[in-house]
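Both complexes shown next keep chain A, but they swap its partner, so chain B is in the first and chain C is in the second.
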Partner chain A sequence: MRRLWAVCRKELLCTFASPVFYIVAAVNLILFGVFFYVIVSASREAHLRYVFHNISVVLLFTSPMLTMRLFAEERKLGTFELLMTSPLTLLELVLGKLLGAALTFAILLALTVDFPILLLSFGRPDWGPLLTGYLGLFLMGLAFLAAGMFASSLTDNQVVAVVIGFGIALLLFIISWFSPQVGGPVGDFLEGMSISGRFENFARGVLDTGDVIFCLSLTGIFTFLTVRSLDWRRW
Partner chain B sequence: MNALKPWSRALGIAGAVLLGLWVVLGAVLAAPAWSLWATGGPGLLLAAGWVALEWTLVRTAVLSPGLRYGSNALLFTGAVVIAVALVNVITTRHSWRTDLTSNRFFSLSEQTRQIVKGLNRKVKLTVFVGARNTESGELRDLLELYGHASRQLDIEYVDPDLKPERAYIYKITGQPTVVVESAGKRKDILPQEMFGYQFNGQQPQREFKGEPVLTAAILSVASDQQSVIYFVEGHGERSIMDTTDNGIASLKAGLERDNFVVKTLNILKDGKIPADADLLIVAGPSRAFPAPEQKVLAEWLAKSGRLLVLLDNVSPPGLDAILKPWGVKPLAGLAVDPRSNYPFAGPMVPAPLYESHKITADLSKQGVAVILPGARALELGTVPGGTVLPLLKTTDASWLEADWQTEKTPKFTSGTDRRGPLTLAAAIAVAAPLTATAAGAGAEPASLPPHSPKIVVFGNTTFVTNGLRGTIETGFDLFANAVNWLSGSTESISIRPKQRDDRRIFLDNVKTNIMFTVSLIVFPLGVILVGVWTWWRRRSL
Partner chain C sequence: MGPGMIEVEGLRKQFGTTVALNDVSFRVDRGEVVGLLGPNGAGKTTMMRVLTGYLPPTAGTVRVGGHDVREEPIEVRRLIGYLPETVPVYAELTVREYLQFAADLREVPKAEVADRMARAMGQTGTAEVAHRVIGHLSKGYRQRVGLAQALLHDPALLILDEPTVGLDPSQVVEIRTLVRELATHRTVILSSHILSEVSQICTRVIVIHRGRIVGHDTVADLEKRLKGAERVFVQVRAPGVEALEAIRALPGVTAVTPAEAQEGTAAFQIECELGRDVREDVSRLALDRHWPILDLRSVAMSLEEMFLKLTGAGGGS
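Take a look at the complex of A and B:
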């Protein structure tokens, strides 16, 4: 656990020392702010359901940017071999890096705290959907981060890592679009695999254990695949 | 720990068997929740116990070169992914969910949940809706709740643009349409039945009435028998074919939606009351009931009849005589209640208080008001072997206005007007009822009938006319509850369409500017400044 935390701390220090995070965060906050301002001033209702939907789309692009350097940069800088020969186990290394990315993402989400505060000062928001919406964004982001981390473990090129990470996240997001064409049990399966469909429940204020387990399972699977990928490449 | 070591194999096998059962029950069969908990929980504990006891073995196996780098590595990875997918299938099908919206907007009403949980056969819902249909969002949300509430509901979406042949076979004319089918029975729910407008003052508000119509349709196709209701004609009653404001066509539509067969009956022409009649409704008669009709009606009522009477301003001759033996006497005049009334119409439109009864229980609990424009009062007596209970009463500030036709502004006149509280509706249930002749003549009861007669009398008809549909709909719920009580239906359909919580915010220029500045300038700029400061600090290191 101590070693895992050490990896996480190192990741956080690297992230906050790099201008990339501040640029990504500022651009994201401007986009989130535009969604908030436009949607709330048009609907004049004290909720963030549709703001959350728009933010979830932006996360498709943001998540791989937060994870692109996790392993690709280590390889490019030649520090990957150092890590592989360190006393760290692969699982500790992967979980430490994921935790670092997850905390960075949580900070990014926390920087939208002004939205509920503004709603509270102007109206009477319903707290249930606000809390589940943020929880849904975090869990969906976590799954995207794990997918992005897996993509980063496959290559030493950060741009390629972003493209692969974005591709996986996008596929998880739109997979239900094929459901009506396919129909039947396969269509139902595709519907169930859609992370955007799962997020819908969170955004409207419904907490379902199936949705929580789905997001955590995706995170778990991509973490496992990252470990396998690194293990494979080590040899 | 070591003491358990000899048992590790047995624990492992038991755990694997229980987890295997859990998978079969959860993924394949429609198993009840308790069986999943009973197999999944202990199975997981036993398997975890085995892993803990045999940790060295497990670690060696997982880290073995064969599983890590050989051709088995791909198989191992695939097996893990499939196992996680299977767990997801089961946890999704048997998930626990809670609706955290303050008005539980994304939850089904208790009535719907009871009805769909009690289904003993499959009901298929085919939803014809295109991908680009903008109205279908709420319907999809709702159907997801239904699908989650019962495994007996089989929901299928069909896009009429992609599969026009299905739409043609089903004769679909609009989108979205839900076709509800079970055991050869079919009921179509059309878009206009689900989507409507509620007029609150001047501002029409879109209203989604999906839950009441869907639940009624499911109940309708899943139920084996339908009660038959006859509306009595021939005395100037309100017509169930009349779609104008004074008609009651919407009442007919509502009853059919609630799984009743609605017919009309002219007692004088037919000379008898049909054998399949479960309930007779007399809705605002204005002409006399001839003596032979009174006799037929009284005989039927005394045997096992169920009658619902809606009175208009004046009772026609004969009707009072029919009601008299049952302990109900309509009084002349209209109720005036200056304390509890419909504020947009005044004291002649009282909003009476609910008395304790099965018919009023739901509405009383929901705290919604009913209004009876130009209502008459009833004087309640007793009926031997039965109960005569008030359903609605005005406040003690009310009175019965005798001069309502001449007085422009109603005011209490001592001597002619009668002081409240006034009973505006009553329910009569008789366990030891009247004989036919005795009932007709208003005499004392003599013999016992095979079934118990029931009667409900409302001192008003206007509260269920088409004109009030879309304004104050509580009257229709009250009426539906009365019909359900009379017909002995256990399912009382009074599900109100869900109303969105009013969480509108008033945004003036100042507030809009604050929103813009804080969300689009202050926070992003703050992040940029911290970034610049970090960069500057690192540059000077």
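Take a look at the complex of A and C:
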């Protein structure tokens, strides 16, 4: 446990000491602010459903940028050798890193608190969909972060990590597009695998344990794949 | 003979078709300070990476502290302090944050962390940069921080890959003293491509060349074997062709190559058999023939040539 926390702490220290996070956060917050202003001022409705939808698309890009350095940089700098020769298990290492990335992402989301506050001061928003919407963004982001972490474990090049991470996230996002063509039980399966469909429920204010479990399972799968890929690349 | 700290048997390490280590066997006992000596690309770093469990052996067995590196990697890692060839530091962290991280990874008891950190920083002379960001430190200081990281948890086995690279001469002396000090209750294995460095720190030397162990000696023995494994440079005022013939005919001379010389003089690089110093013979020859000697000195061999000599002379122990 102590080692897991040490890894997480180190990730946070490195993240907040480098300009990458601040640039990514600034660009995201500007975009989110634009969505909020345009959508809410046009619809004059006190909810964030469509704002959440737009944010969810931006997260396809943002998540792999938050995770690109996780393993690619350690490999490039040679610090991976330090980690792999200390009594640290791969699972501790991977979970510590994912936790660090998740906290960073949570901070980024928390920086949009002005949206609900503004709604609250100008209207009477329904709290349910606001909370499930944020939960949905976080859980979907978590799955993307795990996918991005997996991508980072495959290479020592951060650009390659972003590209692969983005590809996986996008595929998860649009996989249901294929279901009408495929049809039948496979089509239903693809529909069920779609993370955007799950997110739609959160954005509408529907809290379904199935959707929560789906996002957490994806996170678990990519965490497992990351451990496997690190293990495999060593031998 | 109890279990050694390091026991390597029939080790082979391949990267694709490149054979980095071939049939390597050796043993290091507790309390020894062993130098791994070899030219660039000899396989020193690969050897250390296998010892630390970072790279798996292709074939053969490697045991550290009685634990097989493949079967009990975590046990092995608990025993070692390791300074890799590329210093594993995070540019964004301060020295103190970095050492704290290393202490957590190594599970140094919480109550002892402050003490151990202070001691490691004292030993490596990094206390004055404790609060600086590592990315802003000079190469030498980064090297010292890496060394502090390796010492922090008081490991039973220290593995140092070229620990003195990038340090200034006075710091090199300090590190040597430090390693000798550390060795009093520890096993140390360090790599280097500088013979004099290894001979000053280590009790025993393993010479490795192209992935094979070519010498397995105490420092004294190695020096004896390499003694005279040098070239001699001579410049005499004499007719070139005649001098060349005469020198070539001297006993123990294996090769003579003419070097650039002024008008009316002749200069040669003379190579001789292992364990032979031909300078006396050359000066006697010059005296007999009345050739004034303008220059006569031994020329240090490059390490590469020295290793070739060792391998060529049969090597092995």
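Everything that follows uses one rule, which is that the second predicted complex is superposed on the first by the 235 of 235 C-alpha atoms of A that agree within 3 Å, B and C clash if a C-alpha of one lies under 4 Å from a C-alpha of the other, contacts with A are read in each partner's own complex, and residues count from 1 in each chain.
The criterion applied here is as follows: a contact is a pair of C-beta atoms (placed from the backbone, for glycine too) under 8 Å apart; a residue touches a chain by one contact, two chains touch by 3 or more.
All of these numbers come straight from a predicted model, not from anything done at the bench.
In this overlay on chain A, chain B fits alongside chain C without clashing. Of the two partner chains placed by the overlay, only chain C lies in contact with A:A6; chain B stays clear of it. Once the two complexes are laid over each other on the shared chain, residue contacts for A:A17 go to chain B and to chain C alike. In the superposed model, A:L29 lies in contact with chain B only, and not with chain C. Of the two partners chain B and chain C, it is B that touches the larger number of chain A residues. Touch criterion met: A:R204 reaches chain B, while chain C stays clear of it. Angle at chain A (Cα centre) between the Cα centres of chain B and chain C in the superposed arrangement: 160°, in steps of 10. In the superposition on chain A, contact is made by A:I221 with chain B only, not with chain C.
The gap separating chain B from chain C in the superposed three-chain model is 6 Å, by closest C-alpha atoms.
Overlaid on A, the two complexes show chain B and chain C touching the same residues of chain A, namely 17, 235. Chain B makes touch with chain A in their complex at residues 68-69, 73, 77, 80-81, 84, 87-89, 91-93, 95-102, 105-106, 131, 141, 157, 159, 162, 501, 503-507, 511-512, 514-516, 518-520, 522-525, 527-528, 530-532, 534-535, 538. Those residues of chain C lying in contact with chain A across their complex are 49, 52-56, 74, 77-78, 80, 82, 84-93, 97, 101-102, 104-107, 133, 149. Chain A contributes residues 16-17, 19, 21-23, 25-26, 29-30, 32-34, 36-37, 40-41, 44-47, 111-112, 114-115, 118-119, 122-129, 131-132, 180-181, 192, 201, 204-211, 213-214, 217, 220-221, 224-225, 228, 231-232, 235 to its touches with chain B in the complex. Within the complex formed with chain C, the residues of chain A that make contact are 2-3, 5-7, 9-10, 13-14, 17-18, 77-89, 234-235.
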